[in-house]
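For reference, the structures are reproduced in the following blocks.
In what comes next, chain A is part of two complexes: it sits with chain B in the first one and with chain C in the second one.
Here is the complex of A and B:
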């Protein structure tokens, strides 16, 4: 195995896969968030996970990543559900509901930290929010042939495998319920008369979104997650005519921003600037640039 | 199928761009290749790196990750740092939570078969450790030069290079001379003025070894913020003890220490800024030895001692 290939496998394979999987999943699910004007839920989840972390710590007594992840996921699902419920029963705009829920949950988290035994433990949002792509390095096998063995691939970082599972599951689940989902998003009343339980479908979508956001936080960091939820979908909205076209485009734009941004940061930057630059930041800039370019050149027909 | 093609059209250019980028820059970045005879050694802080460099001599490639002005408590690695760590055969770090954000990475590297050595846990037994809160060890062991000199043995027995033992012995005697110098410099401070007040709790080992009472606004890590009560208590102490000076640290914000000066001023006691100390990184001093010497002399001069009366020993301990 050549030195260049070994370096790529050690330093780049796992982060590149992680950012690709996450970008595809987030852009796909973000398309629905942008459509329903709930895009800032990414930021809301980032703050809402604190009580979940504290409760997970109090229950398990450790700061192990798996415990923190489960706590964060629980809090994210609660936050997502609360935003939907408050919006509907309070007849409020989704942005208002988001503002109410995440501040309340964050305050609850601070209160729990102060009053519980967690005070002297270094327990903060960094546990799950400050993911860094660069840290997902991997010890590759001795020969290239071994790369095809499932047992070897199973040693990839947990973050990458989790995001890969989501990237496989989310499109499959969406395809499975596509027709009813389309109806539930655009015309809930019609969907209910057809007996397709739009509320249940949307609750399922909420849970998927919360899971994808939390899983991406620990690998990518919170700001990139929000960029990937919004920018590709906003760009896709400019020229899509059907829901399927919109969602597909959003996903493709997300994949594009993820792969291009990662390669720019780790391949082009060393050649041009002499050292690599932060990958998460570059991917976010790519997503923003893509939206800007798309907005400037979109055909008005 | 016009609908399908319009759905698929973005695929074409969206996938072409990253692919061409990958092809164009293939092999660009990684220029280091070929035979590597000398072992690659990576160190985290300058306090570790200076010792390792000296002991390795010409026999190893030593990389120090943290720049001279980096706060190790808050350091986050870049891809180039990760590349250096994954390419190393030995990694030396300080330990006891100093490199908090790097620790998971070091654990992962150790699992992969790289030798990872934390120096601090290898040089002191439990009775010699200082800890402010239960179970959290103060990681700033390098402030006690006599204690830190024990690192020489640990490094020499880990590094598989020729002459490491001899160079380690020479370095240890230089460090012990530095230790004696610091002791002499601090001894010039009048007994009642030996109160050292700094931005964060980095000087416990210094205070214990050289006989100075130490107080700080922030705890042993700079990651958590200072409370109002901590500042209030320190102001009380400064006024009661008539402390002549308080000190900045080069890697920590000056704001909290300024609050002390203003607080004491409003109570009618003028306390001076004694200067900038280098606690967790050598800063302008550039090396471990120069940083320790700078700290001792700055503290002595500001607290009424006479550092100039103690001459620096001859020799390469710069």
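Here is the complex of A and C:
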């Protein structure tokens, strides 16, 4: 195995795969958020994950993935419940309700991180914003043939494996309930008359979305999660005609932004600027640029 | 704990040092200004525009820092904070413009455009910030303070800048409150009264931008939007007409800033912005529970009463049939 390949496998493979898997999953699920005009809810949920993580850490004293996942999911449910309550009883505009909930929960998270012991165990505010992709590395096997052995691949970092599992499971789950889901998204009344349960389906979709946000949050940070939930889907939404075409396109755009952004930040930037730049930020910029280019093209034609 | 409370009460009653008091006064002015301007952006359902503006301003701040770093090497050093604020204003306005363009010219809705533009431009900010960090230099540490806010790191000059900007914004908002109210409720009505609606819209955007920029250092760009959203929403739960709404919202904004800033003077480790926001949130939660018409308790009671009345009516109807 050549030295360059070995370096790539050690330093870049795990984060590159993590970004790619997360980008694909988030773009796929974000497509439904954008379609249902709930993009800002995704934004709010992504912000509210922070206090959930810190509280789960303070209660359990560990950073075990199950505790983190539960805490963050709890926070996501609290956030969407609070948005609903404020809208229903306070009769305030949804944008106001969202603005109140996400700033409050984010402020709570920031306060807890800064004042509790959580700060010492690498839950600091920098990694909240842009994740800790740099910390994902891997000890590759001695020979290239070993790369294909499942036992060897299973030694990849936990975050990468988790995001990979999600990227495999989410499309499969969506395919399984595709027709009822299509009906539930476009015409809930019709869906109910056909005997499917649109509310149950949408609740399931919300849980998937929250799980994907939570799983991606630790590795990628909050900005990238929000950018990947909205930008690829918005770019795909510009000229999509069918739900399948829209969702597929969003997923492809997400994958493209993930791979391009990561390589730009870690390969091109050192060559041009002399040092690498923040990978999460670069992927977000790529997703945004994609949206900008598509918007200009679609408008002209 | 007792010490902390004593320390807080001292700061709260302006018993801290001179610097602390200057920062405290400026923060209160900021809270009052944000509470006032926020009412109009809430009524226009544009609350989250400020959020996009603030997120996007990181890119401008980092870019301004890099440009200034390149210029000072040649000997011309403009004053730091003003250049950063200028950069923030430019990039924030570009982002708000981009959101407007996307909403008008494509099929994307305003919320999608807002979420997409603010996250992508914040990503750009993080990229530029990572370059600025590598470039190093003395002022680079101050950039991080702008993200999460830190009143402790504010110099007296910074506090004066914040206070003057907030006072100016507040004055202009109050002078223009009549036309701002008109465009908040109906563009069409405002036009029939001979008002130049686009000019007033631009004024409101500029006022929101001014508050955001003024508060960036104390509250932080990720949380400053809370000062524009939470006090007006809290006031809206109690008030029905615009003048009391403005007065209440301004008071709540000022009170939150006062409490939060003095708390952070007592506990320097705790981030100022988060404390201000959480004070405002606490007031909102109490109001949401207790407000007479829009409160949760009142709502539940009303619902129970309706159910009881409906049951009673159903019973009467049955008795009437039975008789």
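Keep this in mind: the second predicted complex is superposed on the first by the 224 of 301 C-alpha atoms of A that agree within 3 Å, B and C clash if a C-alpha of one lies under 4 Å from a C-alpha of the other, contacts with A are read in each partner's own complex, and residues count from 1 in each chain.
The rule we apply is simple: a residue touches a chain if its C-beta (ideal position, glycine included) is under 8 Å from a C-beta of that chain, and two chains touch if they have at least 3 such contacts.
What you see is a predicted model, and the numbers here were worked out from it, not measured in a lab.
A.B. asks: In the superposed arrangement, does A:234 touch chain B (first), chain C (second), both or neither?
C.D. replies: second
A.B. asks: Have a look at where A:226 lands relative to chain B and chain C in the superposition and call it first, second, both or neither.
C.D. replies: In the superposition, A:226 contacts chain C only.
A.B. asks: Should A:135 be classified as contacting the first partner (chain B), the second (chain C), both, or neither?
C.D. replies: So A:135 only meets chain B here.
A.B. asks: With the two complexes superposed on chain A, say which partner A:143 touches: chain B (first), chain C (second), both, or neither.
C.D. replies: After superposing on A, A:143 lies clear of both chain B and chain C.
A.B. asks: For A:278, select first, second, both or neither according to whether it touches chain B, chain C, the two together, or no partner.
C.D. replies: Both partners.
A.B. asks: Give one of first, second, both or neither to describe whether A:4 is in contact with chain B, with chain C, with both, or with none.
C.D. replies: Only chain B is touched by A:4; chain C is not.
A.B. asks: Residues of chain A touched by chain B versus by chain C: which partner has the larger set?
C.D. replies: After superposition, C is the partner touching more of chain A.
A.B. asks: Regarding the shared-chain residue A:189, is it in contact with chain B (first), chain C (second), both, or neither?
C.D. replies: After superposing on A, A:189 lies clear of both chain B and chain C.
A.B. asks: Answer with first, second, both or neither: which of chain B and chain C does A:40 touch in the superposed model?
C.D. replies: Second partner only, chain C.
A.B. asks: Please indicate which partner A:248 is in contact with in the superposed arrangement: first for chain B, second for chain C, both, or neither.
C.D. replies: first
A.B. asks: Please identify the positions on chain A that touch both chain B and chain C, taking each partner from its own complex.
C.D. replies: Correct list for chain A: 130, 265, 275, 278.
A.B. asks: Which of the residues in chain B end up touching chain A in this complex?
C.D. replies: Residues of chain B touching chain A: 3, 6-7, 10-11, 14-15, 17-18, 21-22, 25-30, 32-34, 76-83, 86, 100, 104-105, 108, 112-113, 133, 221, 223-224.
A.B. asks: Can you name the residues of chain A that touch chain C in the complex?
C.D. replies: 34, 37-40, 42-43, 85-86, 88-93, 95-96, 98-100, 103-104, 106-108, 110-111, 114-115, 125, 129-130, 223-224, 226-227, 229-231, 233-234, 237-238, 265, 273, 275, 277-278, 280-285, 287-289, 291-292, 295, 298-299
A.B. asks: Can you tell me which positions in chain A touch chain B when the two form their complex?
C.D. replies: 3-4, 7, 10-11, 120, 122, 130, 132, 134-135, 137, 139, 242, 244-245, 248-249, 252-253, 255-256, 259-260, 263-268, 270-271, 275-276, 278-279
A.B. asks: Quick one: which bits of chain C touch chain A in the complex? Just the residue numbers, please.
C.D. replies: The contact residues of chain C facing chain A are 42, 45-48, 51, 98, 102, 105-109, 111-127, 129-131, 134, 147-148, 222-223, 225-226, 229-230, 232-233, 236-237, 267, 269-271, 273-275, 277-278, 281, 284, 288, 291, 294-296, 299.
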